[in-house]
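Note that the chains take the letters A, B, C and D in the order they are written out, and that residue 1 is the start of every chain.
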Amino acid sequence: MNAHVEHAEAEIFQKYFWSTDHKVIAMQYLFTGMAMALIGGFFAYVFRMQLGFPNQHVPGYGLVTPGRYNALVTMHGSIMIFWVAMPVLIAAFGNFLIPLMVGCDDMAFPRINRLSYQIFLLSALVLLSSFLVKGGPFGGAWTAYPPLSAVGSYNLTPIGATLWLVAVALEFVAFLLGGINFTVTTMNSRAPGMKMYDIPLVIWMIVLASVIFMASVGPLVAGAIMLLFDQTVSTGFFDPSRGGDPLLWQHLFWFFGHPEVYVVLLPAMGIVAEVLTVFARKKMFGYKTVLYTTWAVGFLSFVVWAHHQFVAGIDPRMANIFSVTTLLISVPVTEMVFLYIATLYGGSIHLDTPMLWALAFIAEFMIGGVTGIFLGSSGTDIYLHDTYFIIAHFHYTFVPIAIIAVFAGITFWYPKMFGRMLNETLGKIHFWGTVAAFNVIFIPLFITGTAGDQRRVYSYAQFAELSRPALQHLRTTSTIALLVMLSFQFVFLFNFFWSLRSGKPAGTNPWRSTTLEWTVPSPPPHGNFAVLPTVYRGPYEYGVPGRADDFFPQNVPD
Amino acid sequence: MLERYLTAASTYAHSIDHLFILIALVVGFWLIAAEGMMFALVFKFRAKDGRPTQYITGEEPQLKRWISIPHYIIIVCDIVILAGAVMVWYNIKQVLPPADVTVRVIGQQWAWSFQQPGPDGVLDTADDIRTVGELHVMVNTTYRFELLSRDVVHSFAVPAFRLKQDALPGRTITGWFRPNRVGTYDIQCTQMCGIGHAMMAGRIVVETPQDHAAWLLRNTDPPVAVEQAPAVSPAMGDSLAAMAAVRR
Amino acid sequence: MSASAKPIANTRSATGIPTVRLITWWVIASEIVIFGGLLASYLMHRLAHPEWAESASHTLTWAGALNTFVLLTSSLCAVLAHQAADAHDGPRAAKLLRLTVLGGFIFLCIKGYEWTLDIREGFVISSGGFWAFYYTLAGLHGLHVLAGMIIMLIVAADTAKNEELQRVECIGLYWHFVDIVWIFLFPLLYIAR
Amino acid sequence: MTTEAHVQHPNYVKIWAILVALLIVSVAGSMSHVREVVLVAAFGVALVKAYMVAKNFMHITVEKRWVPYLLVMCLLFMAILFAGVAPDVMKQSGQNWTKNPVAQPAQTGTGGAARHE
């Protein structure tokens, strides 16, 4: 090998794997997240096939044994939350958008940023390596309640359980580093003139999500250390026969786990806010009110966690308190959704693909939101807890968040990321196929859940009430709809990679948007701005009276 | 509404079903209203040539009313739902009505076992009846259960009773149910408990007093004469009387 | 490589707090919840188990007190380094930072000696609830001391050349935070019975 | 970036001397046989020491106001965590539940035995 080739290889490595450029790191997060989404989606395919067509050979996998089924659902949950929703929504969009939208050249700490991705990649590899160890991957549900998760002779996957825990802990470290970097960059490195209320909502939301994550994850980091010691050096933190308490883990987990819902929700809301205002050509209805409700949601998310534990053996008196706080949090969330709908009023709505995704987010998320009331009310939760009703409920929140809003974001910023437009026809085919199939997957599951169908069960043969043919038909319907939804994703993948080379050149500002990222070339060069911008106004100045253009960019002087 | 999907077989099943319907009506109304509003706005304000977009900040009082008034109504709705939820919860989980019979329910990987009093009506005596996977109870009798786990977290769920309670190792959790419909119902474990989670099924058999007495008799060894049975609890009195009738 | 040149983002200060100090405060905030979660767990277990006081009476109070003294003194060195950095005296600041590192090193040595004595007496991490928390809390704190020492040595190398003097205060802030955690660990693990 | 001092530097050695004196107080307090004296000497002094370090060494009182608010907010969340968890973990029994006495052989399943291998 001659020196020239070696040098070129070193350069490619430097540029794509060792770069400190926030845009490269964003792409690293995006593509890692997409790869993990394919893995998580494949798991969903396998276990849905087992449920839809019990005990058949699953094409591409084989027979699903009980242990494998448990591992598949555990990994599906863990991957989709920690290795898809978080890296794509917060890390990929946060990394790409924050420096561009606040008008600076990079993150405040580029090398910490790079370290964050490297730790994240390591965590993903540790998780996937658990498929290769003796006993296979952890199968004790993504909540990992001890003693099941703590004792190898209970879960039968002692190495897998430890690898899962280490992977999750590393992932937390990665997002602590990343999130603190986002927060500091947004607080300190804004363009001159960009005041607190001139920051685009998506940046606000990503930063607030990072802060909520930072403040809620600490106790679970402590819990992870305790559980790790229970697994490896025989301490008894969660062992009642030695003075510990298994409920402690549940509390530590959900003290993080519930804010985590809002950690992924807020960036999705932010993305939708950007898309909504651009394609409705409208100023955000009550920008400040949206922010106030966000803060309220952020604070309240810390006081509702035990509604995941109503029947878990907590003191029943506490359930009343957490019921009250849970219904309380519906107040700011409703207000936020209403404000988004009100933004449509008086607009001029263009139904391009990103806008379709954004509207679908609101429409579907509302279903997820209202079904949450059934579960937050302690009385009905007695019956619905751990049934498919709750599966359907949180998929009606997480799919809009991690799939629909992400597609809104990708289709919206794709021109900026890669300099070319996505194909609009393929985009619409993908949209309708995904959203229609999504509803057919989960509406049947609401019904089976209401009929008492419990979750995390690989076969209903043991239960007379659940193995009725009527319920099985619903499960099969759901599985077939999942196959349809998954197959439509190939349309997206084709569109994504085809448009990289053959899409229409995008130009600087294809959507005629006001925020700063649309003032730089697509894709933005290293260092982003040729001349660092100055900001003169808020982010959503559309249809300002007395102007020829219907949009008024943030960086244009009066 | 829920009964179309699954029988209601305990006294409190209906209160949960009614709460479910109350919530479904309230949130269903708001869901339809909000979705309808959204689609109407998308249709009404779709892009048309020559119609400029309006400049609205969201601070205009006459427009803010469209947000704030529904919002206040929603707070009222929340309070109504909350009142119902707390009432149902209080009656099921916080209050223990006087028990006719006390049974012990023990979860372990991966089976439910039950301990119930024999003819003497007292738990933890020599004539206790221990069963695995099947609990025989008498209709219209208030049962108190003590829930234990031997190893990991399990969840004792009887969907037909609308009953669910996790069993934790190291804790004894007390609850109650009063079956009011004869039949055989599923017991599920609804908390992930390891590789055999799906096999951890049980049956709860709700019997008439006569059938229950016969069952008790079959499982008591040696059969205890009615006259010798000490400390008969009021409810067991019924079944003992029935038992005597069967013997005659 | 390009990363050696600082991005402009790093030099801006819209909040009025320099970027390095801002990130230090956020790191401290995130550490508060990590230690807070563990301490809250310990506290409720300790209150639930009065019998743990017997285990606690086996801890070596003199070692804990000596370590408190060592950490307080090293904190003094760290804050004097900050003062020197403010006076643009890089070499003196570096010397004081290295003294702080020495304090951390002595702390870890005493800790190691103390744990050796504990283990010789048969008190290991799996000996019971108190000991599990004792080793976990002190171990997590010790890791923070170690991390602080490493970062401080890196900072001191630049400081000696009169470069990046603003970092002296920030590593000091972190060090004082670790000190404060120990100030609470000392009574919780050694004194309370 | 500015390297100008944003704080007045007090006499740090004097503060250090006070801190060491407080340490001696808390150790001396621990010799007492009165439980209240021990606890007040230990935790009262710890609070004072922590405040002194935060005020004089970390200069938190002259930092921007939101910084102490942020840190206090984090502490508040930990207090919320404690308040929500303690009714289950700290108590031995509550409404309709009670913790079993520890020394029950029935409570040690196969896993418990395997753990001590």
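Following the convention adopted for this analysis, a residue touches a chain if its C-beta (ideal position, glycine included) is under 8 Å from a C-beta of that chain, and two chains touch if they have at least 3 such contacts.
Everything quoted here is computed from the prediction, not taken from an experiment.
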Relative to chain C, chain with the most remote C-alpha centre: B
Contact-richer chain pair (by C-beta pairs counted) among B-D and A-D: A-D
Distance between the centres, which are taken as Cα means, of chain D and chain B, whole angstrom: 41
Whole-Å separation of chain centres (CA-atom averages), chain A against chain D: 35
Chain centre separation (chain B, chain C; CA means) in Å: 50
Approximate Å spacing (C-alpha centroids) for the pair chain A, chain B: 33
Multi-partner residues of chain D (at least 2 other chains): 74, 77-78, 81, 85, 89, 91, 95-97, 99-100, 102, 107, 109-111
Touching two or more other chains - residue numbers and ranges from chain A: 147, 151, 154, 215-216, 218-219, 234, 240-243, 245, 247-248, 252, 255, 313, 316-317
Residues within chain B bordering two or more other chains: 93-94, 109, 151, 169-171, 173
Contacting chain pairs - touch in the sense defined above: A-B, A-C, A-D, B-D, C-D
In the complex, chain A residues that touch chain B: 66-67, 69-70, 139-141, 143, 145-148, 151, 154-156, 240-241, 245-247, 280-287, 289, 310-313, 316-317, 319-320, 323-324, 327-328, 330-331, 334-335, 337-339, 341-351, 359, 362-363, 366-367, 370-371, 373-374, 377-380, 382-383, 385-387, 447, 450-452, 454-460, 462-466, 542-545, 550
Residue ranges of chain B in contact with chain D within the complex: 93-94, 96, 108-109, 148, 150-151, 169-175
Chain A residues touching chain D - in the complex, by the definition given at the top: 147, 151-154, 215-216, 218-219, 234, 239-243, 245, 247-248, 251-252, 255, 302-303, 305-306, 313-318, 322
Chain C-touching residues of chain A, taken from the complex the two chains share: 14, 20-21, 99, 104-111, 114, 176, 180-181, 183-185, 187-190, 194, 214-223, 225-226, 229, 233-237, 242-245, 248, 252, 255, 526, 532
Sites on chain C touched by chain D in the complex: 10-11, 13, 15-20, 25, 28-29, 32-33, 36-37, 39-41, 43-45, 47-48, 61, 65, 68-69, 72-73, 75-76, 78-80, 82-83, 85-86, 88, 165-166, 172-173, 176-177, 179-180, 183-184, 186-187, 190-193
